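Think of it as A, B, C and D in the order they're written, each chain with its own count starting at 1.
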Amino acid sequence: MKFGVVIFPGSNCDQDCFYVIKEVLKQPVEYIWHQSTDLAGFDAVILPGGFSYGDYLRTGAVARFSPVMKAVNKFAAQGGLVIGICNGFQILLEAGLLPGAMLRNRNLHFICKYVLVKAENTETAFSNLCRPEQILKIPIAHNEGNYYIDDAGLQELKQNNQIVLRYYKFNPNGSQDNIAGIINREGNVLGMMPHPERSAEEALGSRDGLLIFKSMLEYLQNKR
Amino acid sequence: MTTPNNCQALGLSQDEYQKITALIGREPSLTELAMFSVEWSEHCGYIHSKRMLQLLPKTGKYPTLIGEDSGGIIVDDLAIVFKMESHNHPSQVEPKQGAATGVGGIIRDIFTAGARPIALLDSLRFGSLSEPYNKYLMRGVVDGIQFYGNCLGVPTVGGEIYFDQSYNGNCLVNVMCIGTAKKNKLSRARTKGSGNSIIYAGSSTGRDGIGGCSILASKEFKRGEEKRPTVQIGDPFTEKCLIEATLEALATGYVTGIKDMGAAGLTCASSEMASSGHTGIEIELKGVPLREKNMAPWEIMMSESQERMLLCVKKGKEKIIEKIFSKWGLNAALIGKVTGGRLVRIKHKGKVVAEVKADDLTSAPLYEVPCVKPDYLETVNRLDLHRLAEPKDYNQVLLKLLGSPSIASKEWAYRQYDHMVQTNTLVLPGSDAAVLRLKGTRKAIAATTDCNSSYCYLNPYRGAQIAVAEAARNLVCAGAEPAAVTDCLNFGNPTKPDRFWQFKHCVEGITSACQFFNLPVVSGNVSFYNESPQGAIFPTPAIGMIGIIQDAKKICTQYFKKENEAVVLLGVSKEELGGSGYLKEIHKTVRGDAPELDLYLEEAVQKTAREAISKGLVSSAHDCAEGGLLVALAESCISDRDNLLGAVIDNLTFEIRPDALFFGESQSRIILSCKNSSVPKIRKIADKYKAPLRVIGKTGGKKLVVLNGKRKPIALPLEDLSKAWHKSLEKQVSL
Amino acid sequence: MLKAEIHITLKKTVVDPQGLIIKHALESIGYKGLEEARIGKMITLTLNYRQKKRAEREIREMCKKLLANPIIEEYTFKLREEK
Amino acid sequence: MLKAEIHITLKKTVVDPQGLIIKHALESIGYKGLEEARIGKMITLTLNYRQKKRAEREIREMCKKLLANPIIEEYTFKLREEK
């Protein structure tokens, strides 16, 4: 299965994602420059974390105009798997591929920390290998993870089972309903604030993050 | 025209002016004078410090690299490049942007060497947090470091923060950066090959910080004085693109030399590259991308706009290099060429505005500085322990020490730093040293910064030796073998003889300790004029140290892991309290002599701990530093926040005053915990190296208890310890 | 030349964590009497043309497309001429 | 009740990297005609008293002490009454 990792100017987790797919998941992976317009041949696309365009105006706001985002849109519409991690999640929100918006963390500080999240929906392309309600130990590292959506939107997310991950026991950033990760209605676009690529090897303190990538692989292999 | 007034404004003395005139055989032009003024400043020319710095050892166990802007060691086929640098004065007036641009500067020093930055550490000093301005400084500095470092994706994995009155009015912000590269991929900051092209890359040039380096770095602050330097806004996004573009450009093999434009900008980059490359250089300023109108040639030469690089590129390959930079959205402009001869020739629209020998610019006059032992030492070194009342309640003392800002957990700061990006951080902040794996190898490196400036104030020579010994000890506690050193020497005004004495003795102390441990000093930085109206800061020779771990699986952290394991003390506790955190926090005085340091004992203790860790015999290792034995024990109990684990210490020898035993800061001590069955094996190792070893208790329970016969001088629930230690800093920096 | 001053603020219905912290900070240094503090962005654009109509149209578009996020933010702007 | 609108901007002599990015982004989505973009903060304070003099004095102090850094920033503010 071929994975692609998008590089926006300012992405800084691109190499980490690449490493995990290649060295840990042992799957083919290529970088995708933000100006490319063709995603042919990829089975899954990762929008990595970082500070695209410095996040100078609003997180993710400028990156979503990158040429590659048109292609990502199309790729998603055709059912391709797209995962946005941290800044990648923020870009997906700005691009309208996922509902809602990000506010600054409640304490106004960047927070880098291992947190616990609960797998709320384990029937997705990104979480099918998690046990129902499994608690995952995955680190966060962000300034803006305080997820916001209006009440109607929240109802919809709940009704359609779109909340995939919730912070467990401790909500680090003030996000609504403890949301840490959501999926689109079609089930092929996931955004999550925690960094699964930072917790895919025991040496780094947890392998729980690997479950996300492995689930994607599982889903893709079954689909074939 | 050049006038004495110009000279004064530029910080040049009449003497220096005469010298310049003699060197070039005529009156210098304004541009030339400006160029000399920055090159002959302390910041670029090291005019007061160079002679002393030549003492520092340059060789050690691993081959060393001493580059123009940084240095490092070679381990197998990998070069590990690192350096520490200060940004004290800008941070004192604009803490966030001052610290941010400081991070930017040191990172550029690393990637210009061709190395990818893999970690940052920050060594910070502030005045007392009871003053609102110091809170503001600390919040701003930490904010600036997180803003810049996080955005770049370089993890900030360690550091230190201390507080002392002497930093009121002059905080210290020292940042260390580590980078790695394949050893044959390193680049140098020098020109090469007459006819090759000089390319300017990165942000455009404005009137930023003109004269900032010489003027800011060489004038002390007077409180209330209206001194408004143009502090710049850090632009980490551009720097991130610059890192990627530069490394990509270097990978082509067409870049024969590269230097960042930091202090003294284009002047420094062009003249130092030419001087190191033994060539001439010719630059046409018309080609420099400008962002302000009507900039005079001297302004362009002096500008310190951030995020810019100067490259020497093989003739004919300019387009390839320019394309890489423009792909990353950055300027790249051909502005000159390497010439035969040794002249730096600067033209502006065809007209020559400066023409001087590169070596004249870069060989600033060095000053012999008078040096006199400071008067204060005689008084402060006196400490009569008999007059010092022993506390009644040791529990209260311990809690108070744990909550004192210099000792309390620094989590408030490092929580705000991305310390995990790049996925190499095996030991996160919160232990004695950070550990980073080297992907693609079995090895890891450990890194730390250390300096107890109270010791350096009381005894500059020994204080500096201790900084080296303690840094090494911290690395050893992580399982590493100390390998190389960088330093950042922060002192007062060097033209005052007593300040220079402190400087001299500290450099000698570092030299002797490094020689003893066979550690090279591969890079460093000097920051003078750290003074406020109350006087100079405590001498603060911050030591950054790197250690090598052969097997990344054999690493160690400072917190207790399992119930019922033995707690072992390596080293000896002496009756000494001079310069201790206990004296400062409880008795409100910084007095006495720095603790003794027996380098042979230090070596024995370190070797024992390292061998025991590498054999997998050790569960935790933590050195005794500020706050002494009990603070170290408490930290081992509580520093893994989610897994507090108590201990019962029932086998201390109460041969010395209990306060000295509990809180004295005798050097060369490490606390280990291990399986009971490992004790004999560790004892054997200790015997081999002649390191004193004593089993002092065992882990377990929900309290830290110290028994003296039937009495319990210390018995505290872990929650109380944890609350005092974890929450204190956050409480004290909040408004 | 035209100068546009664009104000972008969080919608009233969205909690403003920055505003809360600033209010708290101001109170802690002694300013009572604060009912509320909210923080927004102010973007100043200098345009190198003089047609007001065009400017109004373009700025409205810029805000919708990029400068403000309609899920959480509102915008207003003023235009004025510069010599 | 009084409402204060405080504008905090970088001094003209200080380069504004955020503004540069905004300008580029706007250009890349098709808006020519931009001379410059700069970004600042807008803080709105609602005060629960009505004395204008006091408000002016306090706000000036707040700006100096906390809201702006005079080394790199400038501030202006307007006060108005609210029903």
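Following the convention adopted for this analysis, contacts are C-beta pairs under 8 Å (C-beta built on N, C-alpha and C of every residue); 3 or more make two chains touch, one makes a residue touch a chain.
Everything numeric in this text was worked out from a predicted model, so none of it was measured.
Two chain pairs, B-D and A-B, are compared here, and A-B has more C-beta pairs in contact (counted per touch definition above). Taking each chain's centre as the average of its CA atoms, chain A and chain B sit 36 Å apart. In whole angstrom, the spacing between the mean C-alpha positions of chain A and chain C is 30. Mean C-alpha position of chain C lies 9 Å from that of chain D. Looking at chain C, residues 25, 29, 66-67 sit in touch with two or more other chains.
Residue positions 235, 237-238, 329 of chain B each touch two or more of the other chains. For chain A, the set of residues that touch two or more other chains comprises 53-54, 56-57, 61-62, 65.
Because contacts link each chain to all the remaining chains, their graph is best described as complete.
Within the complex, the chain C residues that touch chain D are 1, 7, 9, 19, 22, 25-26, 29, 31, 33-49, 58, 62, 65-67. Against chain D, the residues of chain A that register as touching in their complex are 53-54, 56-57, 61-62, 65. Across the complex, chain B meets chain C through its residues 132, 734-735. Of all residues in chain C, those touching chain A in their complex are 10, 13-15, 17-18, 21, 66-67, 69, 71-72.
Taken together, the chain A residues at the contact with chain C in this complex read 57-58, 61-62, 65, 94, 100-101, 103-108, 146, 148-150, 174.
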